[in-house]
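Here's a structure for you.
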Amino acid sequence: MKLARPLRGIIPPVLTPLANRDQLDGSAFDRLLNYLIEGGSSALFVLGSTGESPGLSDRLRREVIDRACATVGERVPLLVGITDTAFAESLHLAEYVAKAGASALVLSPPYYFNLSQPAFRGYLERLVPLLPLPVYLYNIPSLTKLMIAPETVLAAAQMPNVYGLKDSSGDVDYFARVQSLLADRPDFALLAGVEEILAEMVVRGAHGGVCGGANLYPRLYVDLFEAAARGDVERVRTLQSIVITISNGVYRAGEHESSYLRGLKCASSMLGFGNGLMAEPYFALREEEREGIRAALESVGLLNDSSNVSGNPEVHAGLTP
Amino acid sequence: MKLARPLRGIIPPVLTPLANRDQLDGSAFDRLLNYLIEGGSSALFVLGSTGESPGLSDRLRREVIDRACATVGERVPLLVGITDTAFAESLHLAEYVAKAGASALVLSPPYYFNLSQPAFRGYLERLVPLLPLPVYLYNIPSLTKLMIAPETVLAAAQMPNVYGLKDSSGDVDYFARVQSLLADRPDFALLAGVEEILAEMVVRGAHGGVCGGANLYPRLYVDLFEAAARGDVERVRTLQSIVITISNGVYRAGEHESSYLRGLKCASSMLGFGNGLMAEPYFALREEEREGIRAALESVGLLNDSSNVSGNPEVHAGLTP
Amino acid sequence: MKLARPLRGIIPPVLTPLANRDQLDGSAFDRLLNYLIEGGSSALFVLGSTGESPGLSDRLRREVIDRACATVGERVPLLVGITDTAFAESLHLAEYVAKAGASALVLSPPYYFNLSQPAFRGYLERLVPLLPLPVYLYNIPSLTKLMIAPETVLAAAQMPNVYGLKDSSGDVDYFARVQSLLADRPDFALLAGVEEILAEMVVRGAHGGVCGGANLYPRLYVDLFEAAARGDVERVRTLQSIVITISNGVYRAGEHESSYLRGLKCASSMLGFGNGLMAEPYFALREEEREGIRAALESVGLLNDSSNVSGNPEVHAGLTP
Amino acid sequence: MKLARPLRGIIPPVLTPLANRDQLDGSAFDRLLNYLIEGGSSALFVLGSTGESPGLSDRLRREVIDRACATVGERVPLLVGITDTAFAESLHLAEYVAKAGASALVLSPPYYFNLSQPAFRGYLERLVPLLPLPVYLYNIPSLTKLMIAPETVLAAAQMPNVYGLKDSSGDVDYFARVQSLLADRPDFALLAGVEEILAEMVVRGAHGGVCGGANLYPRLYVDLFEAAARGDVERVRTLQSIVITISNGVYRAGEHESSYLRGLKCASSMLGFGNGLMAEPYFALREEEREGIRAALESVGLLNDSSNVSGNPEVHAGLTP
């Protein structure tokens, strides 16, 4: 599917519902993909950090790709993460993605060995020309140990199939430096990866957001994106406070190191998208850690407090503040 | 092959000579394995960080396992790294290793997501009982982002197939705390991963060392181990100064982030073990970075300065101080 | 002077022009203080990090306090930093400040020893009740090694003379958590310390900003604050781009570690406020590092490119975009 | 007093017993100084991190200097820390130290602002020539945020009054690199600051140790130093296990961040050297945290378990293993 340049709007990093350790819950996955599309997503991104890609076997990754391609079809572009510590595995996965019919690839630095910027640049120069689809770089130094330098982004942007950057560093100053280096490249997508500052990033010129919370409430992030894009500060404030409620209530349960992902997957299962099983090394929240998440979902209207499970998450696709 | 408990002596983390990006240089690998065994190694460890395992495809890893098992045979125990970010991949690899006939597994924390100690402990509790061979834990926080807490080592040591710990943190105080927790477990192997302090660790009670430099000069580390074990301080000093020469001369060429591994692989190729090709994301040293390595190899007698390539590394297997 | 609660607007962290290593350039200091007041500052903050306080002798700090009190008078409130590694020195300095007639104190954690949150909380519980003036906490973990936890801020806010927090962590998420804990304390000032995200912080509810760049161009930050406060996104964008120009042009000269402060002091001297001398351990920029700063000042209209020194910085107090 | 070059042996970093927040407990201090000299110390070091110098007022620092000079006299050399964030304060303190009659100064990087190596080198080039006594550099990056690069040590060693380096980084590899750069400077003292690896460092060529634990048991560290220096591995092992017992038992009570210093000061008070009061920001251990310390002191024979306070610490000056 052809990609708008720059890609704009909300692109949820899709969770991966699991039936068991090495099996997709395909039906929950389908429902989630549909929920996200109906909620106004501009595109979908599978096999990212939020999709627990590094914790999935190669076989399971391919199952996710096939299912996502089949379910999403031509409704919105589908982006697929191909990050791996082994060059050959990233390349093979990219080829699989292209054959399956997805629209683009997302690539972070290989994350085991410590890398210098020149080494990562050399890596991109070798890998990217071999990739059969457009590529978005993905900066997430808290997990990969490498901050992709603004100069490296600039260099990568010269390659014809590098279409944009998703930045999950949360560093506004970094973002501003990338923007200023790419000031003459209005086609290069700059996507905000930290949903708590989505509106700010959009006001500064980000073209869209990759928001984990959109798995729960896609319409909220879509509306926030649009309010920020048209400069409606009043509306931004209203919606931002809901975002903060989700962030405080859902992403802070359990141990600090894993609280975002474990909270998000738990909340998603409460909304009816699967059983909440996680790929190792993470594991589902304990019962006592789930209380606060339920309360947060209720307080933003995603869960009805008279029922334990919504059963019908589709009703939440429309934002009713 | 049956493992002594505790495992003692020098266990080189074997380099992986490559013919090309996704192909083993089997002949160089065979020569290297033989060189290490003849140099007095107690066991061999393939597919560790030094073996660039995270940079190798699954297929190539299996090629390495097959070849190592065939070449090493029953001469010394063979340990194989199975660390992976995906639980299922580690498990599959472990099963492959067992079928191929190796002796033991080496396991680090899955290294993409940030982990708490309880989460890593839970991971071990799920994975280790499924593993078909003895396991050595491998602590290398600079790459995995997780320092395996002494208490976690203690808990793991209760599992019947956890046989020891390789510590590459370089933190002597950490090592002492692990030792003190495991004081009543003389069968639990404590292996030093930082060769610059091998002698100290042995004097403190480490049972052996996993020394990258042993790829170049196995006899040196074996002799150093033995001198330290018998408390021969004079001999320790002599040998340690050669270790430092190698460390300063070979591991500090090129960019800081990758200098150990790139220097080591370059030096190994100078000794005749393959072409020096590295798995991405690293890449071979540039010509001007190689000078210092050659000089260091010459100064410790591993290279003859009248010839460019030794051609006959076997002569160095005996230490001639 | 009585402090509004919460304190609002732009509070420049005033530079300290030096005549020599241990002597204030009183005349340049006076001109700077007047420039900042005329530029619309709500209050002034001397002896902060930007004022190089930790690099000044006790005697010189007292000279700064006396001069600032005399020059500022009752025109705007004067805040004075009292952070020190020694409890007794902070206390003595606070008493001196009160006698000299300033309005409030600013306090960071003592920064030599590593502190836990409970230890810092205990420190506040001992020190704050002894302080003779209102206190603003100052969170700057990059220099003090301690992130003041939101819960610690909440606890401190219960003390009657703790009036607010200046946050220089640059962490929007941190700021949101503090805000949410203090939601029922509209009198507690939340001041943004990172000027590159001033507008965002104000939209989120910050009451003001402590902006180093205000030393160069007070009116710019005052206008930006006001535009953000009234939700004028168009104006915010225009002014923010000037802020980014200053940040990129002035704060990135010289070595990374010291580039903000060395660049700022150099630029201030170019505008006529002293000779640019710095307190050790920093030192003035070298000639070749000054080019970019001059260019940045010219591009935002603070320096006339036909003259080397403006001679009359007062003309810049009005913003002429 | 004239200093041997290189300075050798054990140089305890002396604790500062306090009568109250801003008052020395002179009598306890005297007894401690005498205990350390009688225990075989080669020199004494006051106003270091262990002496809580950054937490002491200028006045109190001068009281410590005067008292130490008077009590120590010409029995052993006295080293005095002059580290401060303000250049002028370090210089004034150094002049005071010289007049008081001490033998040498100890200097760490100024620790508030982040420093590059060139900036710290420039700082040394300005300050050291003004200092009236020999200087030992002090590398303690965990507190100062700056690792003094080996090349910086080499450059400093060219200045005639820089006599040595105390390294508290705990990084053996760092130590080896410094050593190798200074191989032709046998007069330049290399002192180990991490007592848990004292023996190893001495075997590697360190000339002495600055061991906090020597405040409790000077003879132990002196004997360990001598055993290591003569290569008596058996004796080293025996003594090292006592060192580890002290380290594990005394330095791990209370919060992690402050456990070394709080534990040490508590233990010292149990041995009769003052009331255990600490300078802010630290504070004495709580009663329940003191149990383990008492037990550790008893197990190494420093406290008799039938009495609460030894009353006569002098008896411990001789090591009776």
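By letter and in written order, the chains are A, B, C and D; residue numbering begins at 1 in each of them.
Everything that follows uses one rule, which is that contacts are C-beta pairs under 8 Å (C-beta built on N, C-alpha and C of every residue); 3 or more make two chains touch, one makes a residue touch a chain.
What you are looking at is a predicted structure, and each value in this text was computed from that prediction instead of being measured.
Looking at CA centres, what chain is most distant from chain A?
The most distant chain relative to chain A turns out to be D.
Please work out the Cα centroid separation of chain B and chain D, and write it as a whole number of Å.
Comparing mean C-alpha positions, chain D is 37 Å from chain B.
Whole-Å distance, chain B centre to chain C centre, using C-alpha means?
51
Counting only residues that touch at least two other chains, what does the list for chain C look like?
none
Have a look at which chains touch which and call the overall pattern line, ring, star, complete or other.
Its topology is that of a ring.
Can you list every touching chain pair?
Listed by label, chains in contact pair as A-B, A-C, B-D, C-D.
List the residues on chain B that touch chain D in their complex, please.
Residue positions touching the partner: 170-173, 176-177, 180, 194, 196-197, 199-200, 203-204, 231, 233-234, 236-237, 240, 244, 247-248.
In the complex, go through chain C and note every residue touching chain D.
My answer: residues 21-22, 49, 54-60, 85-89, 92, 109-116, 118-120, 122-123, 126-127, 142-143, 145, 255-258, 261, 279-283.
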